[in-house]
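You will see two complexes here that share chain A, one where it goes with chain B and one where it goes with chain C.
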Partner chain A sequence: MSLRQIVVEWLDDNYHFGEAASLIRDDEMSFLKNGILDSLGFVQLVLFLEKRLGIKIDRKQLSPKNFDGMGKILAFVAAVPGYTGPR
Partner chain B sequence: MTAPVWSPRPGARASQMADFARFASRETGRDLTAWPALHAFSIEDVGAFWSLLLAWSGVATEGSRAPALEGEGVEAARFFPHLRLSWAATLLAGPEGASLDAKALVAVDETGARRELTRGELGARVLALADALRARGVGAGDRVVALARNGAEAAIACLATAAIGAVWSSAAPDLGVDALVDRFGQLDPVLLFASTSLLHQGVATALAPRVAGIIDAVASIREVVWLDDGVAALAARPVEVSRLSALVADAPRADVAARVAALPRHPFAHPLFVLYSSGTTGRPKAIVHGTGGTLLEHVKEHRLHGDLRASDVLLFVTSTGWMMWPWLLSALAVGAAIVLVDGSVTYPDDDALWRVVEREGVTVLGTSPAYLGYCRDLGLSPGARATGLRAVMSTGSVLSEGLFHWVREHVGDVPLQSVSGGTDMLGCFVLGHPDLPVWPGEMQCVGLGFDLCAAAPDGTLARVGEGELVCASPFPSRPVAFVADADGARLHEAYYAQHPGVWTHGDLVELTARGTARIHGRSDGVLNVRGIRVGPAEIYRVVARFDEVAEAMALEQAAPAEPGGSRLVLLVVMRPGRALDRPLTLRMKKELRDRASMAHVPAVVAEVPELPTTWNGKRSERAARDALHGRPLQNLAALRNPACLAAIAEHPALKLDA
Partner chain C sequence: MIFSGVEFAYFLPVALALYWLVPRRAGAQNAVLLVLGYLFYFTWSPRLVPLFALATLVDYAAARFIAAQREAGGREGATPTEQARRDRLARLGLGVSLAYNLGQLCLFKYLGFFAESLAAMLATVGVHASLPVLHLALPLGISFYTFQKIAYVVDVYDGKIPACRSPLTFATFVAFFPQLIAGPIVRGDDTLPQLAAPRRPDAEQWRAGAGLFLLGFVKKAYVADFLARYVVDPVFADPAQFSARAHWLALAGYGVQVFCDFSGYSEMAIGTGRLFGVELPKNFDYPLLAKSLPELWRRWHITLNTWLFEYVFGPLTTGTSWLRGRLDAGFLVVFLASGLWHGARATFVVWGLVHGLGLVVHHRWDEAWRRLCRKDRAWVARRRSAPYVALSWALTQAFFLLSLVPFRSASLGDAARFARGLLAPHAGPALPAASAAPFGALQVALCFALFAAYHLLEIGRGARLRDAFFALHPVVRGAVYGAVVALLLLLVPVSAGTFIYAQF
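Entry: the complex of A and B
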């Protein structure tokens, strides 16, 4: 499963129940500003990714700059030093 | 040994609690200045305590304060049967000497919109709307319902309804149509106030379809009043439609104080609010709360336990559907300004709420463990925005010890008052205290007037120990009735049947030797997820729409990593030949969100072969909960299918590390 699918599945399981893929228009779309995810969910998503992918994300980097949108998530995770998981 | 996380400062101004203790000492000729003595007096001479509180508070009343208590026992005793008063008039008047030019209310939303009303402006609008309601034939005892955002208009509508003696019942706008009809449909309401849209996280959702759904199902509604001037496309319905802005447009500013003072007073037990409590079966209980009980309990909590004053600015994060909303409005009675927040508290930025706290000069902030945990997880350190705070309050669910330390380190050296009570008594049993230390993980004290005990399974009551939370003294804010319960049988069954002679609340409590308390969650099947109380019955009604599912059981599972410390799980037994798969799981979740609310959506749906059932056919949530948490299984002989518990205990999806 690709990282994109992992994120979409999590959004479906917790917020959009089968509609997440159709709601995300493109990789640049802000999750926070378009009702894809609220801030509480945003933190939960990052905690989920840490656990699911076995990575550790510095809380100082836990900001919309790095995670608010599919493209940002994919890029951030791929850049985690030593990360070899799904992309 | 654990040390307090906060202690009162030597030389701090005298608290209102201390002032009341001196007053009570003078009046009784006893020394009640020490907290244990004052609390003991309040539960040993219940009528005298509440009567003294009323006298000390200065709340305007008509009639006689005697007797303070009529009838015997926790269930039958009635407070102040010859007294008349007005919740709305007390709030609008404020304390003696309150200026009509003082700030009464600030309403902000997540877009940054802000509206401020002085006490005079608020009073003028409430009086104008009260006149408009009367002109429409709404009178004392009529029920008025509201699907309302947490804004100034909702406060005006609520106060106007109460001012004429009508009964107010509101719901948050994120509730689905089925859940709304289940609630409002019980009341035969004559009028519906409604916001035109719901705002959350930058997305506005029109509420007209939900309003139409309510009107279609609740035939008694004669008129809809839109609370705001947003677009409201309501297709033709047999009701009058108006706008609040038009009804209060010409609100005269003159003589507000005199006209407020002239508002009618109502009997102490006159219905004021209907709130809802959803249980494991049937429709939500529609709980009727009375005028005097609500007012007196809130005055006690605000002034004595919270030391709230006219100089305070109180922000409590709540929706109009929660019991903390009327609690927040009641703070107008002490002269404090209140801040209403609508929409997400984390939008458009993580620290959106803290910016409101800073900008509005909030002195007392009320929030929840889920929100404080979120701030901690995000690494926020909002102390610089919270320099005006003198207290933080938290309720809704259990506040972990770690969050006490987090507030101390990252918000400031202020008392963190964890309080707990609920819809059933429109207040809090365990509260803060301005002159006592705050111990991490503990609530500072039992509220005055509450003989709180922990009941053991055999019914033994103890003032120190763990058990079912019961109250052995009568208190004014007990419900005056349930709707559609003429003989009071359901009311009796809900609170007075389990342990005869006392009020049984439905929480598990630990009362410590130093007078503090810890709440350990619910003792019944009611769920509390992320601070929101969810009735399993509402979940079952939606799940029943799925032919594939034979039966279901909703449980709360302790989950320390989740916001609020727990998660909602749904066990389902499938019909023969059917299996639970991902598409079905998602459809069930979506249906629960749309028909009930997001709070009703389980984190996990797990298929199990059977649900634990007793020999007389009753499903045992307790056995399932114990299995879910890996606790020792008790009284297995009472179950006809104890083997099914292993499937729950070992289900991979129900493991917290799954």
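Entry: the complex of A and C
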């Protein structure tokens, strides 16, 4: 399962129940501005990704700059030291 | 001097003329803004101006020191030992800044409260201690500018923004008078770049600023002040004199008052900022439309709640924190902090705890619904149905309104007395002193109608109507604005009260 699928599945399980993939029009789309995820959801997503992918995300990086959109999440997680791909 | 006062009507045109007449260089413009900021502060707290200046200097120096350590530690050829030493020094710089800012806040705002609370607690176990209590004047806007400076220094420490090199730009950032006494709480990454560049006259920005200022003025000087004087204050001052209906009216009136007072202030601040070519962040986003507590807190006092989320909740519930993943505990801590931020009073602590608990309950409820939705998609449709949405909205708004009882009361005893008055039917006037005002009942109804209309113009047909108004010929819109100003001159007393949030 790709990282994209993991994120979409989490969004479906927690917020959009089967509609996440259709709601995310493109990788640049802001999750915050388009109601895909709220700020509390960011925290929950970060905690989930840490557990699911076995990575550590520094509190300094918990910012919309890194998580507000599919493209940003994919690029950010790929650059996390120690990340070796979905498990 | 407050935005809705007569003095400000003289101050603003002179300030604007001075500002736009100086050469369009950032330095010259900032020098004018700095003088205006200190002058504005001086009219409120002349004796505390040196303290305000010192607080600015401390954070300017701390951020520059941190940035210097980061630069030295990251230099090519720096050994791991040297990097570790520089990291320690950067942490020291952050620690000094935090200790100074929080220490100052504690000294002026909380020391007396904690000493009195401790004495009261000891008294309950039979120990009568006489603790020394300092009665210091609370520096105006201390909660706002302290949070603003803490965010700046933490952001520099985290490497999110560079340390501001110019002391003039930084001092202007701290003392920018439109947001100095009651926010919005601005952030370095947003406001410092604006102040570092020269600002040019922009007719569209001025138009938007003046319109927003007028809207904020109507909310504050007419709606909030009228409701406070004739509907809210009389009942909260002496609840026993009034009927249960008057209690409910006063509570609803306070909900409208506190919103119009603070969002009106924020709009006047943002509008004034635009007249000076500086864009301040939005502080309110139609909170009456919120259908859940988390949504309400994303719409109410946005800059404070974003601050609390980014600098308290996020670090507390992620990373290596011992509260990692414990979102419920995070809610309680954040709202306890929010309550204390509003003031050193037991009523604010209770208000914060009530909202923290409210968020915990909402979070648990939401989790339970999600579990149901995962099992059976029919629950998704139920969750989106009109009755569910309407009930969510009603519960959210009712919860918020009832939580204002301790928020408005001077003591827990007063809050309890007012709460009893909401439930116990007893004799007394149904409508407070509003009848004393010209067209009293009509004006009360108009205040509530304006509050509702403000929100309704944001959704559905209301939004289309609003857009149609803004599409009208400028002369027609100008005539409407003129009529509003004329009405205000008739209805609003010359000397307006202070802002609720300025006291925090």
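Keep this in mind: the second predicted complex is superposed on the first by the 86 of 87 C-alpha atoms of A that agree within 3 Å, B and C clash if a C-alpha of one lies under 4 Å from a C-alpha of the other, contacts with A are read in each partner's own complex, and residues count from 1 in each chain.
Rule of thumb we're sticking to: contacts are C-beta pairs under 8 Å (C-beta built on N, C-alpha and C of every residue); 3 or more make two chains touch, one makes a residue touch a chain.
Please read these numbers as outputs of a predicted model, since none were measured by experiment.
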Partner chain(s) touched by A:Gly35 [first = chain B, second = chain C, both, neither]: first
Partner chain in contact with A:Leu74 - chain B first, chain C second, else both or neither: neither
Partner chain(s) touched by A:Leu47 [first = chain B, second = chain C, both, neither]: both
Touched partner set for A:Ile57, first chain B, second chain C, both or neither: second
Which superposed partner A:Phe17 touches (first chain B, second chain C, both, neither): both
Residues of chain A contacting chain B in one complex and chain C in the other: 13-14, 17-18, 38-40, 43-44, 47, 59-60, 62
Chain A contact footprint on chain C (complex, rising order): 158-160, 294-295, 298, 306, 309-310, 313-315, 317-319, 321, 324-325, 327, 370, 373-374, 377, 380
Of chain A, residues touching chain B in the complex: 12-14, 17-19, 32-35, 37-40, 43-44, 47, 59-60, 62
Complex contacts: residues of chain A adjacent to chain C: 13-14, 17-18, 38-40, 43-44, 46-47, 56-60, 62-63
Chain B residues touching chain A - in the complex, by the definition given at the top: 200-203, 344, 346-348, 350, 370, 374, 377-379, 561, 563, 583, 586-587, 589-590, 593, 601, 603
